[in-house]
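Structures incoming, each one as structure tokens.
Below are two complexes that have chain A in common, paired first with chain B and then with chain C.
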Partner chain A sequence: MNGLTRRQFGLLLGAGASTLAMPAYLRAQDKPRVVVIGGGPGGATVAKYVAKDSAGAIDVTLINDGETFTTCFFSNLYLGDFRTFESITHSYDQLASAYGINKVTGRAVSVDREAKTVTLADGSTVPYDRLVLAPGIDVIYDSVPGYSEEAAEIAPHAWKAGAQTQLLKEKLDAVEDGQNIVMVAPPNPYRCPPGPYERVSMFAHVLKKKGFTQSKIFVIDPKETFSKQALFTEGWEKHYPGMVEWYGPDVHGGLKSVDVAAGTVETDLDTFEGALLNIIPAQRAGAIAIDAGVTNEAGWAPIDAGSMRSTIDEAIYVIGDASIAGDMPKSGFSANSQAKVAALNIRADLTDAQAFPARYSNTCWSLIETDDGVKVGAQYEPQDGKITALDAFVSQPGESAELRKETYEESIGWYSGIIEDTFA
Partner chain B sequence: MVASLAAMTAVASGTEEDSLRAEADERVAAILKLSPDPAYGAYLAGDCATCHRASGGSDGIPPIAGLPADYTVNALIEYKLGIRENEVMVVRVARLGDAEIAALAAHFADQKP
Partner chain C sequence: MSARPRVRVPETATKGEAVLIRALISHQMESGQRRDNAGNLIPRRIINTFTCAFNGHPVFSCDLAPAISANPYFEFSVKATESGTFTFTWADDDGSVYMDEQRIEVS
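So, the complex of A and B:
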């Protein structure tokens, strides 16, 4: 609609009259508007690619509740002293200056799908022609009996990066030899399948480096198996013998409750005590996606596999962790990949850009110990209405130290790459 | 016995290598004859930008912005045929046809690192 109006307008003015000659207010109104909620690897990437590739033909607004963005990816490496907090925190300045994106710092509180407007916490409204929801996840605190938002100030989840991550680091550094750490791992589906186990590795790395011999790390898992299990198990035995004890549901018999003040995690089998509890609850799409009414009963947003468009509202796209992306894991890499497919389809919707068939990809690297990196990845395409994994690979147990080091170095290159691709 | 076996394997893998090389050269030449679509190349290159920085910077992953088209085509074909082995590249090229490889190579040849 808007695209048509714009082209007709150009015709009326005649071929010689460039859009630049129009008054600014007319230009701004005439341009189709894309609003993005969430400035993570999903939202920031889609804002950038729409703005960059439409070269000014589309007006792009990026709404994020923080002034800066700290990545969850590599936040485990921050816990392990491989990265500083500053090195995983990024600004939106370049997106505004290089591509003319309107960055709004604030929280979106509601979406009016009839009027096509977004309302912010300060009461202001932003109109859209296409809306992209990329709010990431919310943790469901009460999925773990005894856990709550307040309890997270004592026993951090650190599954959203920022103050929670810094709190977890502080608590990790305060652990003394002989004191234990208890992690409650999340049920599927959750962001970053190997994330909890990479984190356990980084916990162990810090304790080992301090020469601790008496401390243990207990993992209470609701899942029978987990991502890259053979690789992590092998790595834990090799680098941290006797330190990590993983309990699946058939052994612990079920999680009964946590008491963050007492530092205990009670299961059918036993009560585990820790000076540090890291409780990672079940998850669902960020609240704004649920409020907008584009999610299913489980709290995730169904999308069209070929475009990332919501199957519930044609004017909305949902990307990243909040979406149901078939075989793709919830990862920063996936969110960035989905953003590019969405960006192309949005441009094809609103301008005369050509859409090409969707292709997606993902790779998740994990660090087990210094220079011992592993990876898992795949390419994906829409098949039978679902984003389907077509080619996949995973690191193998027993690989040479040299290959593992190369894999780790690759992950560092990837981090610089995805950050440049998302924020610069 | 062991020595002659080793020699035989070397000869066998030698011819195998030669024929792989010939196959690679043939495909590279065919792809370089195509006329690639720039818009398609730009879209496909989005997947590469996650690792290969558009600015050409590199730490742990080689830069590809500005590489001549024939170099890129040859490298991608080598991953496809298993002459080069890096899993992230091997799975990526597995789903790229000749038109895609041509479009990508032309796109990166145009980039200024």
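So, the complex of A and C:
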């Protein structure tokens, strides 16, 4: 589907009400209005690029429920003592001062698609001509029997960064030699496919550094296989021999329940005990996308592969984790890349800007142990209505220490780059 | 790190039914081929045999090779003929023997 240009849009309206020569928003106010819900790598990037590249022709409002943003990416490195919490937390001040974006701190609670307004928790409403939904994910607590929002205060998921991440770090640092960690990994699709396994590596790094020899890390996974499995398995055997035990459903036979007070994870095979439980439930698009009615039965938003426009509502774009982006994994890199495609198409919708064919890219780096970095990635293009991977690449088992170090250093450069691109 | 067995046997079965038995042991299975950071070979230490007996009679047994990956897992079916006890035994290169027992009621 091609995006409607501003001119076509005007003509369509004109055809419906013959006296109307201009789009409604141009009569009602000076500038078309773009509202973005969610200030992560998806939302903050789209807000920035629409504001910056339209040079004041479009009014941009960015709604996020926090004053600052802590990235999930590199939050595992924070757990492993490679980064501080401050170094993964960022402010929106630059976006407001450099590009004139209206930053609203608050929670969007509903979208009226008829009236084209967003209502915030404080009762105020914000009108839009184009709405971008970039709310990320919500965890489905009851996908794990025995788990809940309250239970997450004892057994953190830490799959949204912030207080949960700090709680997990506190619990990790309190583990004593001989005590175990049990992770329940999530089913597909979920945010950051290699994320749980990078986290396991960082858990192991911390225990190893303290000289622990008796502790174990059990991973109870609902999946038969996982991202970069050969690389992680090789790395765990090399750096943390005997410490990590990963079990897929063919061995554990299925997760039955968790008891966070007792510190147990019961599977069909046996009960696993841990002083620290890290429960990562199944996921779906952030609630606002579901409330707005732009998601499918599974809770994810279908989009047009060439523009990131919702296939359900022409005035809405959905980017980042909340969208169904074909072959692209749910990652910060993907969200940032999708944001740029959406920004261009929104500008073409609302101004005379020209939209170009969509091109996306992603790389997911993971750190297994100090200077042992690996990566997987691809370029993507729309093909037959789906975002399709071209030129995929992945690190190989047995690579030299120099190459792994280079890969890790590349990831550090990427982190500074994406933060700059998103928030500055 | 000590080895730890985890076994799953149905608690009940009907006579003649094939019951599925699953047995896992946490064990590093050190192959004897790996070197430590100083370049010295790490001595071989694996689980070399696994056996399962029912009411004292062997029903399944297996020799393991150094190439088998850590935490060996077995799954096999046994025909339930009478109530009784399964005994599982893992023999370690270092002479240790790990055992587990599970009862089944057959009606």
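Definition applied: the second predicted complex is superposed on the first by the 396 of 424 C-alpha atoms of A that agree within 3 Å, B and C clash if a C-alpha of one lies under 4 Å from a C-alpha of the other, contacts with A are read in each partner's own complex, and residues count from 1 in each chain.
The definition used in the following text is that a contact is a pair of C-beta atoms (placed from the backbone, for glycine too) under 8 Å apart; a residue touches a chain by one contact, two chains touch by 3 or more.
As the structure is a computational prediction, the values presented were derived from the model and not from experiment.
In the superposed pair of complexes, A:Glu153 makes contact with neither chain B nor chain C.
By the document's definition of touching, neither partner reaches A:Asp142: not chain B, not chain C.
Residue contacts after overlaying the shared chain place A:Lys216 against chain C, while chain B stays out of touching range.
When both complexes are overlaid on chain A, the residue A:Glu67 reaches neither chain B nor chain C.
Shared-chain residue A:Gly253: touches chain C; no touch with chain B.
Of the two partner chains placed by the overlay, only chain B lies in contact with A:Asp53; chain C stays clear of it.
In the superposition on chain A, A:Leu390 contacts chain B only, with no contact to chain C. Those residues of chain A that touch chain C in the complex are listed here as 213-214, 216, 237, 241-243, 245, 247, 251, 253, 268-270. Partner chain B is touched in their complex by these residues of chain A: 49, 53, 333, 336-337, 340, 344, 353-354, 356, 359, 361, 363, 375, 377-379, 381, 390-393, 409-414, 416-418, 420-421, 424.
Interface of chain B with chain A (complex): residues 39-40, 42-44, 46-47, 49-55, 57-61, 87-88, 90-92, 94-95. On chain C, the positions that touch chain A within their shared complex are 1, 6-8, 22, 24, 26, 28, 30, 34, 70-71, 73.
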